[in-house]
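Following are the structures in question.
First chain A sits with chain B, and in the next complex the same chain sits with chain C.
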Partner chain A sequence: MSGTLNVLIGLAMGLNLVALGSSRLPALIQAMSLQGVLLGVMPLLLEEEGFNWRVAVVAAATVIGKGIVIPNLLRRATRAANIERESDPFLGFVPSLLLGAGGTIAAVALARALPLLPEHAGTLLVPGAIASILTGFILLIGRVKAISQVCGYLILENGIYLFGLLLIHSTPLLVESGILLDVTVGVFVIGIIVDRIQRAFDSLDTRRLTTLRE
Partner chain B sequence: MIAYLLILVPLMGAALAALWPRESSRPWFLPVVGGLHLLLTCALFLAPPAVAPGDWLAFDPLARAVLPALSILFLVCAAYGVSYLRIRAERSNRVFVASLLAILGLLSAGHQARHLGLLWITTEAVTLAAVPLLHFNGTPRAFEATWKYLLIGGTGIALSLLGSFCLGYASLHGGGVGDLTFAALTAQGTGLSRPWVLTAWVLLLVGYGTKMGLAPMHTWKPDAYGEAPGIVGAVLAGGVTTVAFTALLRVRAVIGAAGAGAIADRTLLVIGLFSIILAALFLLGTRNFKRMLAYSSVEHMGILSLGAALGPAGVAAALFHVWSNGLTKGALFLAAGNLRRAAGTASLDEARGLSQLCPHSSAILITGLFAVTACPPFGPFFSELQVVRAGLTGGHNLATGVFLAGLLLAFFGLTRVVFSLVDGRPRAATREESRRFVETAGVLAPPLVLLGCSLWLGLFPPTILRAAWAAAVLQLFPTP
Partner chain C sequence: MWLPQLVVRLALWLLLAPLLPGLINRVKAWVAGRRGPPVGQLYYDLAKLWRKEVVWSTLASPAFIVGPAVAWVAVVGAALLLPLGPAGAEWSFRGDVLLLLYLLALARFATAWAALETGSAFEGMGAAREVSYAVLAEAALITAVVSLSLQTSSVSLTTMLAPTAGAGAVLLAAGLFTVLLAENCRVPFDDPNTHLELTMVHEVMILDHSGPPLAVILHGAAVKLLLFSVLLVQAVVPLDQFSRGVAVAVLAGGVLSVTLGVGLVESFLARLAFRRVPLLLTTAFLLCLFALLVAWKGGVQ
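This part shows the complex of A and B:
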């Protein structure tokens, strides 16, 4: 089981790099939504004793939320704002890609140093989580388009979700669904604000949001 | 059972308000639900229910020590809200009223949450419910502030989720089952894996510290408070920040049980003092009186953090300060909201001489200024005195000195802003603008009531309240 799981996490880590390297917003959203689907499937693989309806519900909700609902909201926002590309970001695509790749290697090394339970030491869960969180931060800081930053935030959230999988057997369903609901509603709210910013500033370039300062 | 009603009544009120067809009568939902909430809180406060250790949600001593302050503040703000929304009749108040009521319900849940996951869910939900309130004015500036609030607040709250998972993993790694109730985590105590406990503490401090507005994670605060209506600032500064503070207190108790209390206290001390000093420095420079209130809020969050670092006596002082700061700051926000409305701007470059245009609100603002900068006999003086005393008896002489220096600087900064706002001759444009704003009893009485509460806390703090704070301290620092 942990072999398949590691392949999925490895794919998710690869998608981090795709997200860092792509200048087209639809590609970025695609990478993020694919990562969401992969993450949604993972809880099923972590189940040792066969099928568990509780885990299946969480998995289905995650796939629908992170893989379909949220990406569609973002796609609609990009279409409404009529932007295709991330133009001149703070941090170029090649530097951010290099930073992400270096970060991924560092994450694997760091995870070796962390005190983990034997059943978790063999999986890529912790390195995957750290690498995704790092990718999220690079996107949040390095990009200027509001939608790219939202994608960064979601990849950060995906990393935290990966870490949360360590606790899947002890967190009750209520908590997991609550967290997922909050994230989905959060993106919905962000989507509304992005739309309003687009109307108020006629742009989604966050560099224009500089009126408020000392 | 009543404990659940505290959450359900406001949430149902919010749903009803969202469906209510009439604009003119919808604001009345605020005081009606606020009044019911205060009645329920009083009933629970006077006859606290028994709490089972494994409860996820309960009116425990800590909730008992802080929730009534929120309830009082909300009711007064709700009364102000009726008058305020009448002035703002040009905008639909459907989302505003519903969001404000939802926040009350979610805050009640957050204060009573005894499970890390539930606590996170409610805090995040409060963050999201506050969004429509922040951009109620609908200006580009308001959307800019909301965007920053969402991005910084969202990232902070995401980190606190990671911290919660780390604390759960500390339990798993230490041989536990990963139960995320505070009772179970405290019971596991030193059995929690230490490296993970420390990681969790850092992440949770950054996460909930962002929500509280501790420096250097405070950057959303001036923007959000500066652009949101005064009533929203009052509820955010007195209620939403408090729920993050009680979250930190609960987490701090777990860290203490795990044997890392000294480290936690040191970080709280440093971050608290840093917030106080940084806020004081910004207070000396800001040219906007609503942003001034935000920096003052950062300063007071620093005082709470400092108090939390000083052991049982300090935590008791901090709980007192939650009350005195929340109620006094509420008065300031409401009075400043009046002045902002009259002047049409919050910038000192354009607004001045407001004592001639709005004499009553200006008087309330000046009185509130002295109250919040810890002049006797108002509440903040006594709560900050308790913090100082806890610092000196705990041997933190240097920290207490820095704290007092920060208070002095903040006093200079606040008086500078407030007096340049109320003194002088108003500009012709401001005079024109202010004709549209009338100081009715509806917008003056609420801040006066809050000032009265602050005075009451300072002069005659009821013994039952002191006992409630002591009981909360006992919950957080159980004697072995």
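This part shows the complex of A and C:
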């Protein structure tokens, strides 16, 4: 059981690097949504004693929210804004890829030193969470297009969700669904904001937002 | 006893190598719906080139001829170091993998040197590109070798390549396949069929060679392709779990499927823009690095 889980987390870590290395926005959104789906399936694998309807609801909501609703909102925003590529980012693709890979390796190496519960020590949950959070930060800092930054934020949130899986049995359903709803509404609002930025500045480059104009 | 064995092994490497480019062209032709050249086209080309005379540039020193010869000898020497499944290697000793890496580097150096000898700006440009790709490709190759060596705690090719590559095999396969494409100047990195000087890498280096030296370069490139395919198959497939006959068949099948893969990649992908190449090579390096990570973690647990 923990073997399958580790493979899924390994795939999620690989998707982090895909997200860091791809310059095309649809590819970035695709990587982010696929990671969301992988994460959504994980609670079902963590369940040892039979079927738990609460966990199943969380899993289904996550898969639908992160795999279908949010990516579609973002895709609509990209289409409306008519942008395909992240051009001249603050941090180049090769440096950000190397940073992300270095972070992932450091996370795997350092997680061993953390005081974890024995049942969590064998899984990659904690390193995967740290690596995703780091990837999210790199995307947030290194990219200039608003949509890439949103994807960075969502990958960051995926990392936090991974960490939350450690506590799946003690967090109430209300908290989980609340977070998911917040994220969805956030992305919905950002989709509208992206459209407004595009109209006001004729570009989605967030660097332009620092200059005020009438 | 060792002499006939060496002759058979050499004949195997030297005679089978020109088949691979022919097979790749066959796959490309098949995908494109053409008839394509015969599988043995490179044999005919080599025979034709061997009968032709050499055109010497007035600028070139004897290194113009020595370069391809040194490169060919280095690649064939590296091929003899590589074990062939159950048959083992011709020469095997502790640390022979380092010699293999350095022989490949020597071959590249000699080809680039011969290219610079012509004094043409195009050849110089091709040599510069070849060497700068090689920096990144070698990093990936060395990482792959380190991960194999860590898995088996050995630095000899015969023992390193024999056991299973474990969970990192998929990562290692993807990384080594990308390195294979880069090292042999195949499509996402370089187009072997291109005749536009501005986009050529390997082909531009050998533009001024003619006759037997060109034949030697082409044959050396074919041997290098076979060498990388054999290395890739043995690094990924645990051949020692099969009996002798099956292992040889698996090795041959593996090399064939790698060739098929190269042909399919060339049919479906276009050449990458130059500034995108480092990204792909970095990806190959990272794939090998993660294979190393898996090998390291797997060893600890």
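FYI, the second predicted complex is superposed on the first by the 211 of 214 C-alpha atoms of A that agree within 3 Å, B and C clash if a C-alpha of one lies under 4 Å from a C-alpha of the other, contacts with A are read in each partner's own complex, and residues count from 1 in each chain.
Here is the rule we use: a residue touches a chain if its C-beta (ideal position, glycine included) is under 8 Å from a C-beta of that chain, and two chains touch if they have at least 3 such contacts.
Since the structure is predicted, the reported quantities are computational estimates derived from the model, not experimental observations.
Upon superposition of the two complexes on chain A, no clash is found between chain B and chain C, which fit side by side. Greater residue coverage of chain A by touch, when chain B is weighed against chain C, goes to B.
Angle at chain A between chain B and chain C, computed from CA centres in the superposed arrangement: 150 degrees, to the nearest 10.
In the superposition on chain A, contact of A:156 is made with chain B only, not with chain C. Residue contacts after overlaying the shared chain place A:98 against chain C, while chain B stays out of touching range. Using the contact criterion defined above for the overlaid structures, shared-chain residue A:146 touches chain B, although it does not reach chain C.
In the superposition on chain A, A:82 makes contact with neither chain B nor chain C.
Put simply, the nearest alpha carbons of chain B and chain C end up 22 Å apart when the two models share chain A. Once both structures are placed on chain A, no chain A residue is touched by chain B and, in the other complex, by chain C.
Of all the residues in chain B, the ones that touch chain A in their complex are 115, 117-118, 120-121, 124-125, 128, 131, 135, 139-141, 143-148, 150-151, 154-155, 158, 161-162, 165-166, 168-169, 171-173, 177-180, 193, 195-196, 222-223, 226-227, 282, 285-286, 291.
Per the touch definition, chain A reaches chain C in the complex via residues 14, 17, 21, 93-94, 97-98, 101, 104-105, 108.
Of all residues in chain C, only 278-279, 282-283, 286, 289-290, 293, 297 touch chain A in the complex they form. Taken in their complex, chain A has these residues touching chain B: 114-117, 133, 140, 146, 149, 153, 156-157, 160, 163-164, 166-167, 169-172, 174-175, 178-179, 181-182, 185-186, 189-190, 193, 196-197, 200-201, 206, 209, 211-212, 214.
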